[in-house]
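The structures come next, written out as structure tokens.
Both complexes below contain chain A, partnered by chain B and then by chain C.
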Partner chain A sequence: MSYFEFLGLYGDRIISGTLITIGLTLLSALLAVAIALAAGLMRMSSNMAVRGVATVYIEIFRGTSLLVQLYWIFFVLPLFGITLEKFTAGFVAVGMNLGAYGAELVRGAILSVPKGQWEAGLALNMSPAKRMRRVILPQAVVLMLPSWGNLFIELLKGTALVSLISVADLMFQVKQINGTTFLSVETFGTALIIYYVLARFMITPSMRWLERFMMRKMGRA
Partner chain B sequence: MDTKDVSDFPLAIEGDPAPMVSFRKVTKSYGNLTVLDALDLDVAEGEMVTIIGPSGSGKTTVLRMLMTLETINGGVIYVDGKPLTHMERGGKLVPANDRHLRQIRSKIGMCFQHFNLFPHMTALENCMEGPVHVLGLTKQDARERSEELLAMVGMADKRDQHPSRLSGGQQQRVAIARALAMRPKVMLFDEVTSALDPEVIGEVTNVIRTLVSEHNLTMLMVTHQMGFARDISDRICFFYGGRIEEQGAPDELFGNPQRERTQQFLSAVKEAH
Partner chain C sequence: MVDWRWDFTWQILPRLLAATGNTLLAAGIGYAIAVVLGLVLALAQRTPFNPLNAIVREAVEFIRSTPLVLQIFFVFYVGPQFGIRLSPWTAGMIAIGLHYAAYLSEVYRGGLESVPKGQWEAAKSLNLSMPRTYFRVILPQALPPSLAGMGNYLVGIFKDTPMLSVIGVAELMHTANAIGSETYRFLEPFTLVGIIFLLISLPTAAAIRLFEAWTRRKLGLS
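What follows is the complex of A and B.
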């Protein structure tokens, strides 16, 4: 069977798997950003309990394997009465895992905003919340964008693990096709190329665009 | 001298007129290092006081404490008759909470050595930020107020530029407009010309001159521009080792300094120029 015949036969399943992978990536990226922002800010709180919650979350999700976390969320949480549908369990696990890394990016970027900016905000008598939202965060976002680009690529690749709880993503589909055809080179080769194309020609350019957009907002483009 | 106990400090400062700013036995230290030692300093309404002195003498700390960028270790600072660093609780002064600080701090504005404009906002947006988001003005009112001030500092034509497109002197003028847009009663200038190229210092000092001659602002300034300080100040305070070593009218202090340390400092400065 030529590669084109292979694609003709299994292209539909590969495309449907790819769409699931893209969907998973987008949803877990959204979740990761939201969690990272919350946990990153909580890590800087003056309240010890708030700081503690964020630290425990970051330690657990950075310090243990994503696969184990995925199994916990999908197989163990139901024992405590929390049952998530497998697609949901998949993006929640990936999002929470990468969110823990993101939290440290957020914190690092906030701390990198020059001290003079905090002082100028205080001299204008801004409340701490307003100062964070209006002055510090917009500048921190610019500082952390390049690192987020890397993280999103990690996240895309991390989504392949959800095939292990039988979410029908790209990895799941090619494993299934391989199981019936034994065309390992074609199946896994195609998967390899698709993951690369998604990372290299979708995530990286979007992040570059976002970086340029933010630089223009800073009047520096 | 231990001035942590402020129980016998007045709850408010009376007087006719009461000083706009009053430091009473204010002490600031970092560990064992005493930066300010029981400082007493009154600044009258509309007065322009310039602080000079060698580096490490505590001059900038005076402004930073007044702006509440630094906490104090002893004594009380009063602004417009009311305590800033403390507040009244059951007839006694206790350390101020955030709410009290915000209330009194609204009377004070500050310009910094490195301008500290918000880089993600244009000149106009920098000026409108405080009026809109702190004072609660409508955008329309804030814009009018800001445009007027930008015109006053000669930056009307650059109002839509981001700070990165402006020279140091231009940035500092925008920073002055931004601080004035909050309508403070007291303005603090912390070495506002120190980071500037010599040829643009004049554009910033000219703006401050205008403020002195046309507005009844109370101003405290730290500067190394002795000629400028002599021209526009009502009073000069020479700081040495965390205390006011000597103070007086500019012509007195520059023309006929009484203390040896003042003489040494002034002649060292003269030699450097």
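What follows is the complex of A and C.
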């Protein structure tokens, strides 16, 4: 079978898998950003209990594997009365895992905003919340965007694991096709190239665009 | 609500601990491959032959931006199509070693680029051969700053070994899965796996941070 015949026969399934992978990536990226912001800010709270919760969360999710977390959320959480549908369990696990890594990025970036900016906010009698929102966070975002680009690629790669709880993403589809055709080079090779294209020609350029956009907004370009 | 059974826990713990040995072994072998191969990949981007540099650079990007679990499947299943059968362990070690070699090559690249240009010029004016320049002058200066990044990937490779379970390497996750499907109890095995991972990766990460601070002091970087 030529490669074109292969694509003709299985192209539909590969495309539907790719769309699910993209959907998963977007949803878990949203979740990861929200969690990272919340946990990153909580990590810097003056309240010890708040700080403790964030630290425990971050250490647990950074200290174990995504696969372990995924299986735990999918197989063990139902025993606690929380049953998530497999697609939901998939993007929640990926989002929570990468969110923990993101929280450290958020914290690091906030801490690297120059001290003068904090003092200026104080001198202008801004409330701490307003100072964070209007002065510190926008500058921190510019600092951390390049690292987020890498994190989103990790996130895309992480979504491939949800195929192991039978979410019909790209990885799952090619595994199924390989199971019936045994054309491993074609199936897995195609998937490798699709993941690469998504990472290199979609995530990276859009993050570059976002970096430039933020720089312009901050009047630094 | 949740019934945690301690008798069952004690019954499966020895089996999980035995599998932990395999997990550590897999991480160790994979890392050893990655440390050596990563250096090769980093140096192969610095040859005088530009097309080779570009190809290696692109290959590293490719490996870094595609999922490890897919690479493991690729290595494991492509062989048989051409009549080469790899055992799960061999295929797994090749895939994970290669994946992390790509990551480590970036760490080495950073280290190599941090060596001041004067060092190259000095080696050249002393008429040192290329291997001698690298082994006696450049690498001894490039590697110590890379140590911190290398440490992070040691923890990283350890946490990625559960992916080897998909092709049947009998590591921790694979064993927990097997226990789950034999007994229909997932709570204890999966929770124990999580705890074992935490107990190993948190102290290791802490030790690496201490080691990083120590090397920075030794190198006079802080």
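We take it that the second predicted complex is superposed on the first by the 221 of 221 C-alpha atoms of A that agree within 3 Å, B and C clash if a C-alpha of one lies under 4 Å from a C-alpha of the other, contacts with A are read in each partner's own complex, and residues count from 1 in each chain.
Just so we're on the same page, a residue touches a chain if its C-beta (ideal position, glycine included) is under 8 Å from a C-beta of that chain, and two chains touch if they have at least 3 such contacts.
All of these numbers come straight from a predicted model, not from anything done at the bench.
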Once both complexes are superposed via chain A, do chain B and chain C end up clashing or fitting? fit
Taking the superposition as given, does A:L124 touch the first partner, chain B, the second, chain C, both, or neither? first
Partner chain in contact with A:I153 - chain B first, chain C second, else both or neither: second
Please work out whether A:G219 is in contact with chain B alone, chain C alone, both, or neither, and reply first, second, both or neither. first
Chain B versus chain C as contact partner of A:P138, first or second or both or neither: first
First (chain B), second (chain C), both or neither: which does A:L111 touch? neither
Just to be sure I read the superposition right, which of the two partners does A:L183 touch: chain B = first, chain C = second, or both, or neither? second
I want to verify the contact counts: of chain B and chain C, which reaches more residues of chain A? C
Check the residue A:L19 against both partner chains and state whether it touches chain B (first), chain C (second), both, or neither. neither
Working from the superposed arrangement, determine the closest approach of chain B to chain C, counting only CA atoms, in whole Å. 23
Chain B and chain C footprints on chain A meet at residues none
Mind pulling up the chain B residues that touch chain A in the complex? 67-69, 102, 105-106, 108-110, 112, 114, 116-120, 122, 129-130, 133-134, 161-165, 178-179, 182
Residue numbers on chain A that touch chain B, as the complex places them: 114, 116-117, 119-120, 122-127, 130, 134-135, 138-139, 142, 217-220
Show which residues of chain C lie in contact with chain A when the two form their complex. 1-2, 61-62, 64-71, 73-74, 77-78, 80-81, 159-163, 165-166, 173, 176-177, 180, 186-187, 190-191, 193-194, 197-198, 201-202, 205
Quick check: in the complex, which residue numbers of chain A touch chain C? 59-60, 63-69, 71-72, 75-76, 79-81, 153, 156-161, 163-164, 171, 174-175, 178, 182-185, 188-189, 191-192, 195-196, 199-200
